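Each remark here refers to the structure printed beneath this line.
Labels for the chains are A, B, C and D, by order of writing; each one numbers its residues from 1.
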Amino acid sequence: MARQYLIGAALLIALIVFPVVSPWSTVILTVALCEGLAALGILVLLRAGQVSFGHGLFFAFSAYVVAFMAAASFGHEVLLLVPIATAASGLVAALVGLFIVRYRAIFFGMLNLAISMVFFSLLEKLFSVTGGADGKRVPRPTLAGMTLERETFEFWMFYITLALAVTAALGVARYLLSPGGKALEAIKSNETRLEYLGVSSRKVLYGAYLLSGLLAGLGGAIIALVSGHVTPELAYWVRSGEFVFIAILGGVGGVAGPFLGALMFQIIRGYAAVHAPETWHAVLGVMLLVIIFFAPSGLYGLIAGRKRKSAPKETAPKETAP
Amino acid sequence: MLEISGLSAVIEGVQVLRKVDFALAEGATVALIGRNGAGKTSLLRAIMGFMTVTEGTIAFDGRPILTMPPHERPRLGIGYAPEDRRLFSSFSIEENIRLPAEVMKVPGAEIARRLEGIYQVLPELADLRHRAAAGLSGGQGKMAALARALMVGQRIILLDEPFQGLAPVLAQRYAAALRALRDSHPEIALLITESNPSLLRSFAERAYAIERGEVTEVAGGLAASSLEAAGLH
Amino acid sequence: MAIKRSAAVAFALGALMALPALAQDKPKELVVGIATFLSGPASVFGVPGKNAADLFFEELNAKGGILGVPVKPVYVDEGAGTNQLISEYRRVVQDQGAQVMFGAISSGSCNALAPVAEDLKVVNVMWDCGTQTIFEEGKWKYSVRTQGHAGAEMMATLLYLMKTKPDFKTIAVVNQDYAWGRESWALFQAGLKALKPDVKIVAELFPKFGAPDFSTEITRLSALRPDVVLSTSWGGDLDTFVQQAAARGLLKQSTFVLPLAESSMERLGAVMPEGVIVGGRGDHYFLHPKHKNSAEMQSFVKKYRDKTNVYPIYPTFHMNQAVTGLAKAYEKAGAANGGKWPTKEQVIAAFEGLEFKSLTGTITIRSDHQGLEDQLLGTTKRVPEYPFAVYDKMALYPGKLVTTPVGEKSLEWFAKTKLDLVNDKSIETFDYSK
Amino acid sequence: MPPEMLFLAALDGLAYGSLLFLVAVGLSLIFGVLGVLNVAHGSFYAIGAYVAASAVLAAAGMGLPTWLAFPLFLISAILVGVVVGGTVEALLLRRIYGKEEVLQLLVTFAVFMILEDAQKVVFGTQPLFANAPMNWLGTIEVFGIYYTNYQLILIPLVALAVLVGLRLFLRRTSFGRAIVAVTQDREAAMAMGINATRIYLFTFMIGASLAALGGALSSATTSLTPGIGSGMIVLSFAVAATAGLGRIEGAAVAALMIGLGRSAAVYFAPEFDVLIPYLIMVVVLLIKPEGLFTTLQTRKV
């Protein structure tokens, strides 16, 4: 337990100090945190044994909400944009969740994929509204009423995102320890038994789906603000696949995992972009294989120490504290 | 012919077989009696190569077979009828019965010969041969599974709780089929597991009891007194 | 390599920050970050652009670099997606210390990168993207475009079509479904309405970008039999469309207008019939009627072919203009600065009004940072010298004639087009000659 | 709109749907037998296309007759399926059966990323096409409109042959039956003497070869560019999921539905063209969660 808090704390301190030492990295770190948030949403669903290949939907939806609002006169404020866009994504998750919780395993993943691809196609097709494949520019809004220069804006956005990420991680950790979170694991291990106990597994999964949609939405809203541009690519299936990639890379053993994974992902991608600009996909692919075959519990598992090597059906350790 | 000694096996870290010693001679009929979860199925699955064996040996004709991959073991002449039938539902009965011989590249004439022998032992299957396996009743399914085991079981046939869930009439019918098999193919060894030993009393020569993965021979076969002595009644 | 590695280490550890060289001090090298497609379908332009850049920078460095400073290109993959591109772009500027960025090929990328360049205060040369809106709707101090824009291309195409086939009555369009396909058609349509209001548009098809099959579109066009079929598609999409249309006899039925076909000509080989109207986003053509025999062109075509085995296509010429323009702007700024190394602001200022020779003509950078570039169109002809179609009946439209004037918006300017532009005296014409 | 236009639209949909079927059926077969949703399937399609196009161009360069392209398509497809598909299964997938689904999916996702770049390195980024086989077969006139025999006749015929051939192979040959047996009950099949490891390997090779065959056939009609695989994979997901994973005839019907739906869209609602496959998939999955052709009783394949 103490060890897991240590990992979280060490990661946090490193993140707090990093931008001061190396100012150019703030945006990349913020992007990593956003992807970490989306991957945290994936982690919640993975606890129930469900994998979504379509969370780009929520990520992109809130990003576009930000883009549209920021372009309009009334939405020119970060403190307004982020909660509204996140809530909007939550609303979409609430709608999609209504029927998607009826599905399990591969069908759950497929339906998520299909819905996100419908959204992706719409974003590309409705050129006059969404700007098509070129996407939309997001003008830099004010932050707490202040109009900031790029550097200051990025600096503050990073710490705001960090605070949000920590809050989200702690919240998710609590949730996973709560009866709802425990029931989630039961969906994975023995759903019938759960139903016998009088718990509606759909209700449990619905809650988790909503939460994961909100997390992905939060990440999407912030990424739209810091990169200043949104494109349909945010909803493409490869992007959704990356979230799952990041969740597994980081390890689903604890809520710090997705953030570790996202950081590692950005570092490898950045490193590959410098050394192999033409084959960076392959570098990432190899990295993913290495993790799956040699460290199936992810980076988090590597650091936290692997505890259950013998149980093949349960590669995901069950500790839930951060 | 089949010698098992000191065999231990685990399922997900839980030990289900403990130092099992067991032997099956040519043409013998042996009963393995035990409650649900005692390890009967695990022992058969270990023989077929589906268990994680932690210690001990299994030898066939004096040759150790533990390292032999599961799909090669039937080629030794071991036929296996799992407890829950496990027929291939989209095939017809005859296709199910022929399948193991076909994949072992047994010549067509030989398959036909064996089929004929099987239908003699289990005449009711001959009439059902073109029916889809999915539509069989429990009793018919058990028969078909037995027939399928016979197709390759030229030396040993492993039957996992064949009487489980059969109505008395069908159970009698099944027992009769086994006796017919005994008569027509005395060289084939039979290993039958059961939780209810009385069903096997009429033809098993030797009996073993299994409890929590430990196997002990029941002295004097399946005579009522020895069963009581073994605490199985 | 050592620099690259240390940059990567810095990236990984975040321990190091390469500060941009102080103004006036000559840096040890000038890092130029180049955003180009290294993956995805648009790498048909991105990779030739990169190959050409390698050649030009090598040449430039062999001549002593820019003001005696060697230039080092660093590449960023545009195919990684806009958000990733933006963070890579920043990294190259802030971590690798690039003072100049070339961004980019896709108009979407250019739109996204222009504000980033403003924020980072880095010289941003839009080396290949075409959207005319960028300088018409925005003012970007640090960005400059060393080539023409979509408006000039479409105007020249329209004028050429009006001249070679003045009496067509119906037209259909098959464009890729993204900004370029939509915008180029909007412009063309606006001009067409002004010049020939009675033309009937019988079909407007926007197949998905990267579509592998145009059978349905071709069936429709075969049934509709329009006089003219316009397609501003490029790359694999154009190749596929032309191939399938050729196989089904559509190319014989209608006059095809393919403003970007120059980049597909060699690949299409025998598929491309005679009589198709073709262009190449400017005056670029390795058989340019005025410049094909110049020493620079001959040497470039040879070097490029030695390296890649194919003839150079328009992105390589665009890259040449970006590199040459940059070198000239630095020289101009350096001269104005008394021979000292200019600041980025001085370089940007030097771009305004800059005139420099490209491989195929002269480029002028206007005060709104938009380049003026001539436009060359032709009609395909098959000749024994090449295993692919070449331009014949060429017309060279001066950049000034076909580019929307400063301060005007292209769409409005197109709507005001006058018929006398078609036969303007400044248009030069050429036939194919060996 | 004259009624014959509807018929013409259907012809376009047929050719497109046939190609889609070839790719999707391999995906479906692999899922049905191995239980792995192979994200790298689109890469097999792309590599098959590149290898076939290169082979056809090389043959033409040597002055060999054009008809040789057709056997070359088959050879390239099998080669890709056996070499690339076989390597992926034997080296990677084999080690993760029985692990969580998400890990299997991610392994194929990683393979997809690696193969995407491998294609670029091996075949370059310039569009590649080899249309000689398409032109060699000539055109046919239907209601005054020319179609290529290649697209209108050959591709649907190949698709039909694959459909019938697969059906016969799985029903009538002992190897095919072994595949079906492993699909239904892996352990029972092994107890019958079936080498399940080999079945997995061969099934994966067959599935990959089918994707590569789809690619090889498309190489004569379309230009090959980097990234063609990633578009194809989602489409074949859509087909396979609509049909019900593992359903072979179902894949044929679903591919045809998507093909026809798409060409109908080009005529009547061009804006919906790209949406059609996903809309069909979403609607079908909402109504029949396991796909059109899966009933709870029947098993896969």
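Rule of thumb we're sticking to: a residue touches a chain if its C-beta (ideal position, glycine included) is under 8 Å from a C-beta of that chain, and two chains touch if they have at least 3 such contacts.
Please read these numbers as outputs of a predicted model, since none were measured by experiment.
Peer 1: Going only between touching chains, how few steps reach chain D from chain B?
Peer 2: 1
Peer 1: Let me check something: if the centre of a chain is the mean of its CA atoms, which chain is farthest from chain C?
Peer 2: The most remote chain is B.
Peer 1: Central chain, going by Cα centroids?
Peer 2: D
Peer 1: Compute the distance, rounded to whole Å, between the mean C-alpha positions of chain B and chain C.
Peer 2: 76
Peer 1: Just how far, in Å, is the C-alpha centre of chain B from the one of chain A?
Peer 2: 52
Peer 1: Based only on mean CA positions, could you tell me how far chain C sits from chain D in angstrom?
Peer 2: Chain centres of chain C and chain D, defined by C-alpha means, are spaced 37 Å apart.
Peer 1: Counting only residues that touch at least 2 other chains, which ones in chain B make the list?
Peer 2: In chain B, no residue touches at least two other chains, as defined above.
Peer 1: Multi-chain contacts in chain A: which residues touch at least two other chains?
Peer 2: 124-125, 278, 280-281, 313
Peer 1: For chain D, jot down the residues that touch at least 2 other chains.
Peer 2: Residues 116-117, 120, 274 of chain D touch two or more partner chains.
Peer 1: Under the stated contact criterion, what part of chain D meets chain A in this complex?
Peer 2: For this pair, the touching residues of chain D are 31, 37, 39, 92, 95-96, 98-103, 105-107, 109-114, 116-118, 120-121, 230, 234, 237-238, 241, 245, 271, 274-275, 278-279, 281-282, 285-286, 289-290.
Peer 1: For chain D, which residues count as touching chain C in their complex?
Peer 2: Against chain C, the touching part of chain D is residues 5, 8-9, 11-13, 15-16, 19, 116-117, 120, 124-129, 131, 134-135, 139, 144-148, 150-151, 218, 221-228, 231-232, 262-263, 266-267, 270, 273-274.
Peer 1: Could you list, by residue number, the parts of chain C that touch chain D in their complex?
Peer 2: Spelled out, the residues of chain C in touch with chain D are 38-41, 43-44, 46-48, 177, 204-208, 210, 212-213, 215-217, 219-220, 222-223, 235-237, 239-240, 243-244, 247-250, 264, 267, 271, 310.
Peer 1: For chain D, which residues count as touching chain B in their complex?
Peer 2: 174, 177-178, 180-181, 184-185, 187-197, 297-299, 301
Peer 1: Could you list, by residue number, the parts of chain C that touch chain A in their complex?
Peer 2: 4-5, 7-8, 10-12, 14-17, 38-39, 75-77, 80-84, 86-88, 90-91, 94-95, 106-108, 111-112, 115-116, 119-120, 177-179, 182, 208-209
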